[in-house]
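Chains here go by letter, A, B, C and D, matching the order in which they are written, and residues are numbered from 1 within each.
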């Protein structure tokens, strides 16, 4: 058994509208894959196709080596957790957990055993006799996860499971899902629009846009080497500074349209660099300031336009040689509008994209 | 459990027809009723409206003869006029009154349940019952007229059911009595679905309540109004029982309505062809009102 | 068939032995007013007593206009009743043509209906292509002006003896707070009253020209102009009459609230139920006291075809019974109508009925408009009439013009 | 005291104090409501009062005066003695007929409408929306147009005149509005529930019976009330598609009111009218709250 999930040439169209096209994806055994993208990118649609909740137009879906393209959702060997929890309101927690197993005509003792195990793992034993309406959001989502858990399947599908929770609970449950993955070691596909969830949970992230996967890679690679301008802008908070400018391939000289220019020394080009209009990306957190600016290959002076103190750090909007740049400073440093602050950064950590194709150079 | 049936997993897409087979089976009644009764029945009626069928349907085509006669029949013209007047007035009043009552109930009043029950209970009664009660109340010898007269206004006249010029008012009083409650409930539901914050916002902005209703609330309730409109209109077209119970079309033919003309020609006059022609005209009228609306709905959905 | 008849002849003694054949025969009709219901109960009683079958009463309230669609619907809808009332004439014509009605010719020949039914024109209305499809059971005539003695006494004027006197006496009634002419709001009553006035005032020839030969010129002519004027006059006299049903209008006479009513002889049943005596409490003027003539419309029973030998036998038994002397007397006395056979003894008949019988015997008879005009034409005329009667501003000229147009179009 | 305190608005609060219960605005509000209440209650009051008077009193007094001497005779007569033709068993027969018509019609029409609404909301297939559109248009077709074709359909099915024929007719004409109600309600249920149920192995019927129905009590109540009142109040179909022995109560009512024997007995008529309206009124009074809630859930979405 090579891949846990394999998707070949998947196409999904509603009438004349094509939602997913020529989509290929392989997910390894026990891998935690996050489908990340903004709303409408097709990530949930793809998940629904994998689950069998949407009939695809063309292509094949294999789960655990079986072609399940036209199989019923319940027979694909998947468990699924939904954003709105989707608990059956008229059943108790126990009833919710047992519903799928009863449908599969599983013997009662086995059902009881599985519910016991799942509720132990998720610590929901005291809730078993309650109805969903009597549970808090976090408890509900635990039950929803439990419902996937009792199915004892190889593949878990999560459809934005934490989006309806408040920030604190979200963080807690995120950790719990990660722990669950480590315990169970099964394949998980997790759909989210939250990059923090994606970065923290994923073995690999698939960034989607317009029904296509832009980049499929481990979080670090996505962060460090985004394949295109979209991915670069999507990942990272605050967002990457993207500057319009010219690249002179001969001496690796970048000149911003606004006036800032420097040599991109140490940057690893994907191919041979060519001269022409480019986008240049610089992550705010890669810009050093104040006394830390000193050691950086490129140093400039920034004129502060606006300050956003966050406590642990401070976000600064500033102009460097006429080019607007955002960066972060230590929260302890005092900075005010109109101040001049020395900054520095390392060109090796930049991202360069072709102006027209927006693909990484 | 997932592993149990792996061997039989279908690889090929199922035949189109059998996909969602259960839902298609469950949809059979809808298809039969929609196509068999509504479309089939309508086509049948339209086709036979071009025949000279009398007591029994027969396919002896006579072109537009039935329609020519229809439009030269006074009773039909009066019926159409009555329906138009009744329809427009009843529509306006039902909507306004329904909204007004709903708005009053929505002002966080006491005894809301009691008032709502009072306004809605006539809806539970049939048009036959409604017609009989109001016929009794509007009876000039015993009802409102005689009561007011005996209170010292001997010249008071209110006998709409015996006065050709006022008979539609009599029908309207009874029709509104029966029908506004439902519209009120629907409007009330619509009002309740509007975010409290809207009210707070308009209070802060200093917009008077009546203006808030007109400028903010009513536009927000568009879908509710559409639902109410559809309900009321379809009810008006079917207006029949009430007329039969209250006036039988009288005095004279002054409260005749198209539905009654159709019924009478079909069955009493034993002139099926003429009755079918009249019912076809009713359908055409409905279609003229409905098609633009359906088109608008459709376009909105597209966007 | 033979067996059935002989059974009947020896009356009902054998019923116990043939209980297996007993049929519940549903009979539909629209006789629901007091006198009518009492009359139809006589049929039911005789049927239940004299045969082993049971009369299942299917009364449908409202006038014939309400009831007929239901009856026709059931016959054409494949759920026929055992027997049903129609006004004979053209109402059931197409049903017979479509073969939905039982052919009674054999029974009729057996019992010599041709000889016993009087006037024979009644049987002609039941005949299509030489076959007989219905049993005429009574003769109803429209041409009566009923007068309430109480009303005239209270107004202090003599009871009129003809239409002109009636009109002349009207102001006195008005003064006494009474309504001179009671008139129900239903179109058929208004049309009927007009018909009565037409025969009385325009004369038989003109009436026949319009109603039988469908001569539109006569309808637009001076004879009918006079009728329309008289009708407009009558309309003014009935202006304050605001009842719907004919028997409510009759009731106004019974209680002395109204002076007169133009209504068929069935009104007599109501007087009878109320215990009023003809000649003492009320009087009747055939042909409005102007033209003593009666039309011979009436009710008939049709027997829808039912594919069941036992039912068919029961139907024939009922048909035979309805025409029997006993049933004719019992029924018509209660109903206030005239029997269809001349050979029955109507000792118990009251003044008005006897006058009717005399006119009948003298042969001063006309067919009923139901027999000569199709329901469609009748309906159009009724629409016109009801508008005319209820709208005081509707001129006689306008009404006559429209009337002539309808007659010109009649089929 | 500072200078500021002397300025108007510094000591006395600006604006007007909230009004009491007897503020002019409240009087207007409740006054309007009370006037409207009169309009709605008057007929019921007159019906009750009239039905408790005897005829002599009705002729004398006015319609609004309470009965001097309460008599229940009109009620007894309306229920058990009033005549249509030669049958003098009042409304009681019609009542039981209506019950016999109501129960199967109610069950079948609501079940089919619920099922169809479920298909349209959760299991759409190619063309399902078109059929739904056709069905909705059916709500606008005057009954009269279909009266005759239905006679033919029922005849061909051999159902004409039978109770089941009437049940079928009620089911057909109940479909448009009830299907719309159910569909709108089901569409508003969270879609993920259906997905979860499918992952849990529930099929078309499993989801319907185990998930959807238990969640849909309010809309069933609404549809049920609409159907109870609609079927109970029906006159036209009852009179056209049944035989006299099966006539529902409304037809019986009309027969009794129109079978005038002698004078109109207004008190009996009103008692009969009240008796006929009683069932839907009772149903409504007991479940009116749910009805209002269900309407909110089903109708507002449009």
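Here are a few things to note about the model shown:
Heads up, the rule we're going with is that a residue touches a chain if its C-beta (ideal position, glycine included) is under 8 Å from a C-beta of that chain, and two chains touch if they have at least 3 such contacts.
Just so it is clear, the model here is predicted, and its values are computed rather than measured.
Averaging C-alpha coordinates per chain and comparing to chain C, the farthest chain turns out to be A. Counting C-beta pairs in contact, the chain pair with the highest total is B-D.
Separation between the centroids of chain C and chain D, computed from CA atoms only, is 41 Å.
Separating the centre of chain A from that of chain B, both taken as means of CA atoms, is a distance of 53 Å. Chain centres here are Cα averages; for chain A and chain C they lie 90 Å apart.
The set of chain D residues touching two or more other chains comprises 203, 254.
Counting partner chains per residue, chain C shows two or more touched chains at residues 69, 73, 76.
Contact of a single residue of chain A with at least two other chains is seen at positions 75, 78, 104. Listed in rising order, the residues of chain D touching chain B in the complex are 29-30, 32-33, 36-37, 39-44, 46-47, 50, 58, 62-64, 112, 115-116, 118-120, 123, 125, 128, 131-135, 137-150, 152-153, 171-172, 175, 177, 179, 203-205, 229, 232-236, 250, 253-254, 257, 266, 269-270, 273, 276-277, 280-281, 283-285, 288-289, 291-292, 295-296, 299-302. Interface residues of chain A, counted against chain D in their complex, comprise 48, 51-53, 72-75, 78-80, 82-90, 99-100, 103-104, 144, 147, 159. Chain D contributes residues 190, 192-193, 195-203, 206, 210-211, 214-215 to its touches with chain A in the complex. Of all residues in chain D, those touching chain C in their complex are 83-87, 151, 154-155, 158, 160-162, 239-241, 243-245, 254-256, 258-264. Chain C meets chain B in the complex at residues 65-66, 68-69, 72-73, 76, 91, 93-95, 98, 185-186, 242, 244, 374-376, 378-380, 383-384, 386-391, 402, 409.
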